[in-house]
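Given below, in the form of structure tokens, are the structures.
After this come two complexes, each holding chain A, first together with chain B and then together with chain C.
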Partner chain A sequence: MEAATQEALKKLFESKLNKAMRLYLDTCAHCGLCVEACHVYQAMPETKYTPVGRAEVVRKLFKRYFKMQGKIAPWLGEVIELDDKSVNMAYEAAFSCTGCRRCVTVCPFGIDTQQVMNIAKLLLIGAEKQPQILAMLSDMSIAKGETWKETANDYIAALNNLAPEVEALAPTPPGRPAIPIDVENANVLYVGLSGKHSIVPAAAILNAASENWTISHFEAVNFAAWLGDGEKQRLIAKRIIMEAERLKVKEVAVVECGTATRVLKFMTGSHPFRIVSIVELIARYIEQGRIKVKPGTISGTLTYHDPCQLGRNGGVMEEPRYIIGKLTDKFVELTPNKEANWCCGGGGGLISLGEHEFRMKTGKVKVDQMRASKADTICTACENCHTQLTELNEHYGLGMKVESLTNLVAHALTGFGA
Partner chain B sequence: MDPQAVSAASQAVVHTGFALFLDKLYYFIMVPLVYISVIVMIVGIVAKIVSIVRAPIPAFSLKTYPAKKRPFLAALGDTFGMPMIRKEKPLFWFFLMMFHIGIFFLFFGHLDLFPGVNLMPPESRHMIGAGAVGLSVTIPTFYFLFRRFKGQERHISVPSDYLLLLLLLFIFLLGDMISWGNSWTANGFVMTKADFKNYFGILKSFSFVDPRTVLHGSHYHFVVLHVFLAELFMMILPFTKIVHTFFSLPLNLLRRR
Partner chain C sequence: MSDYTVAKTLDCKGLACPMPIVRLSQEIAKIKVGEVIEMFTTDPGSLADVPSWAKSTGNAVLENKQESGVIHFFVKRQK
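Right after this comes the complex of A and B.
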């Protein structure tokens, strides 16, 4: 590695050394508590797949370049140099971590490996070794933010084509389109994904609640969050924030996407509007009696997978269970669940990166949970989790049905006009 | 004070050659280096804290859920109760609790040696715990060390982990010998709490008197070694993971707030 590149990487590293990061990098006692908390390690018990093993790649660089110990007695901490080898180690560490933060809950100091991995990811960007798929998808999202007006008419036409499917689930309130767009002063701005599966069920629910809502021109997913590019992450989120400001909405409801929800809700500062997950919104509608669902639409027993970014990292744990309680009385929990739930193995951008073999291996602990539940259907509230669970179901021949919670609710809507 | 509490004074001996060098080295360790190591530790800790306080605040909350109603109390509970360790590895938790409670008493045991402080009765020849406190840190340290020789703990450990534990172990073993073992002679205590109080009196008064005048007998070598290793520990403290002493609470606050 050239000296100039090394210097540039050191500067990038230093730019990430905020209060939390300094504490995380200085304090690890190598107690090993986090080791068995990682689903990747559970499937592939190698040191490099432990949270501490991953963080050590960054920590050893930190010691080498930012601590006296690394200069006078590097052998004490087995420090490593910033070179091609350590960059490759950083890649393996960063992209074998789904950022589920289960390790945070067992670490006696609460060291956040996901955050430490963001340094590794930034070094990869600096060394131009970042996953190109995520970089490209991030750039496309940003470009969409700049050129959305040019494609708006096509998008609106495509939305209009979905109207019959929405109306098959719930009637549209009189005088409104099935999927409204660009509605100023709407109560809710719903941000979906690019597929109709993320739009139709949510639209039906919002219509069933007679909500004054509008759909976003953008998709919620934030590829840059997985890429570890803070600036691009901000730009992607900013498109939606600016749209909400432009339309003067009261609330932004984010599609079933854990990372998008966490980024928008917790990482974009304060706004004149609330940001919630669609799951929170549905729970509120049911609680307020704005929508009704008929129980018994799900055959057999149902279980729920807590998406890490929505549950442990977003606090949405009781709402899905409240909704499920209205849908069926044949609910069984996965064990463990809620904040202790195992990651499905699809987070951290691994779905977008492909990585099928790795994901199928590291999803083993989730498969064991699914099997043990003996449930007929598993539902979740995150697009990535849904994809991963579907693939795990097929790969391991579990014979379960995999559903999205929003979709289950949409197909159980009843009592219109009551 | 009970006259039996203080060991009998021995005749001062004038040394030459290597013995003289050792005398000077011992004196340096027992007096000037104590002040130096305390200063290094304090300056190091302050510098470390300042570097963290001056670093930018994270742009967003790093907390995990479910959110606690009283985040500060929850962080205190995490820090001092270590519930996650109790749940995952109860034996490890038992030794950690034993160790940290022992350290707490160890601190007060040494504070008790300062003139004017009498947590134990002045006539007592024992330090706080009469040796039990020393054992309560020594036994867990053996456990902490041995667990690093197997499984993933071995793979995730770096040389500094072992050296730090060995340093602690030797400090504790020597401390055990001083506080407890030195009473096992045929004539009773070689050095008593009162003797150590006199030594701390020298340090407190900045009189720079040779501690040999108040600490007598062959155990002095072990006292010097104990003090030297403790000084080493104090000087490296701000630069090692022992800083978790100061940062455990702020770290736990990060995940609770």
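Right after this comes the complex of A and C.
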């Protein structure tokens, strides 16, 4: 590695050294409590796949360049040099971690491995060793923030083509399109994904609630959050924030995507509108009697997978259970669940990166949970988790049905008209 | 229109996020510069995604068509 690159990486590293980060890097007691909490280690019991083992890569660089002993006597050990080898180690540490933060809940010091891995990711960006797929997807989203007006008519035409599918689930309130767009002063701006499966069921629910809503021109997902590129993450989220400001909406409801929800809700500052997950909105509609769902549309037993970014890291855990309680009385929990739920192994951008073999291996602990539940159907509220659970279900021959919670609700809507 | 010699056909109908763009970027790398790939999706969002992806990667969307819920793209590899 060239000296100039090394210097640039040191500066990037330093830019992340706030008080909390210094604490994470200084205080690890190497007690090992986090080790068993990681689903990756559970499936592949190697030191490099433990939370503390991952963080050590960053910690040893920290000691080498930002602590007195490392600066003056690096030969005393416990340090590594910033070079191609350590950058490769940073890659393996960061992109074998899904950022599920299960380890944080057991660490006596609350050391946040996901945050520590963000330093590793920043070093990868600085060394131009970041995953190209995530960089490409981030750049696409940013470019869309500039070009969306040019393609808006095509997008609107495609949305209009979905009207029959939306209306097969719930009638459209009179005088409105099935999927409204660019509605100023709407109550709700719904931000979906690119696929129609992320649009049709939500549109039916919003219409069933007679909501004054409007759909976003943008996809909610934030690829730069997985890439670890703070500036790109900000630009991607900003497209949606600006749209909400432009339309003067009261609330932004985010599609079933844990990372998108977490970024928009907690990492974009304060706004004159609320930001919620679609799951929270659905729970509210049911509670207020604005939508009705008929129980019994799901055959057999149903379980729920808490997406890490929505549940443990986003606090949305009771709402899905409240909704499920209205859909079926045959609900069984995965064990453990809620804050302690195991990551499915699909987070951290691993779905976008492919990584099928690694994901199937590290999803083993989730598979054990699914099997033990004996449920016929598993539902979740995150596109990534849904994809991972679907692939695990096939790979391990579990024979379960994998569903999205929003989709289950949309297919149970009832009580329209007279 | 759409009188292109297609070097590769890509079916991305019904794929989950973000597979249509991931597949497109992987498959376009397998054709020669100047050749055309056609892609089928069912994602409304792809109508903005594919052009913005093309812009940021230096490729060109020649045409898109929508027929009974299926979106049909012709994309030329330029780089």
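What to note about this one:
Quick note on the criterion: the second predicted complex is superposed on the first by the 411 of 418 C-alpha atoms of A that agree within 3 Å, B and C clash if a C-alpha of one lies under 4 Å from a C-alpha of the other, contacts with A are read in each partner's own complex, and residues count from 1 in each chain.
The rule we apply is simple: a residue touches a chain if its C-beta (ideal position, glycine included) is under 8 Å from a C-beta of that chain, and two chains touch if they have at least 3 such contacts.
Being a predicted model, the structure only gives us computed values, none of them experimental.
In the superposition on chain A, A:67 makes contact with chain B only, not with chain C. Set against each other, chain B and chain C touch different numbers of residues in chain A, with B touching more.
Judged by the touch definition given at the top, the superposed model places A:147 against chain C, while chain B stays out of reach.
After overlaying the two complexes on the shared chain, residue contacts for A:25 are found with neither chain B nor chain C. Contacts of A:282 after superposition on the shared chain: neither chain B nor chain C is touched. Of the two partner chains, chain C is the only one touched by A:133; chain B is not.
By the touch criterion defined above, A:217 reaches chain C but does not reach chain B. In the superposition on chain A, contact of A:52 is made with chain B only, not with chain C.
In the superposition on chain A, A:196 contacts chain C only, with no contact to chain B. Looking at the shared chain after the overlay, A:90 reaches neither chain B nor chain C. Here chain A touches chain B in the complex through residues 17-24, 26-33, 35-37, 45, 47, 50, 52-53, 56, 67-69, 75-78, 101, 104-112, 115, 266-267, 311-315, 317, 338-339, going by the rule given at the top.
Contact residues of chain B toward chain A in the complex are 48, 51-53, 55-62, 64-67, 78, 82, 84-85, 88-89, 92, 151-153, 155-161, 163, 239, 241, 243-244, 247-248, 250-252, 254-256. The part of chain A that touches chain C in the complex is made up of residues 133, 136-137, 139-144, 146-148, 150-152, 154-155, 157-159, 161-162, 192-199, 217, 219, 221, 223, 257, 351-352, 354, 383, 386-387. Note for the complex: chain C touches chain A at residues 14-18, 20-22, 25, 42-49, 51-53, 55-57, 64, 66, 69, 71.
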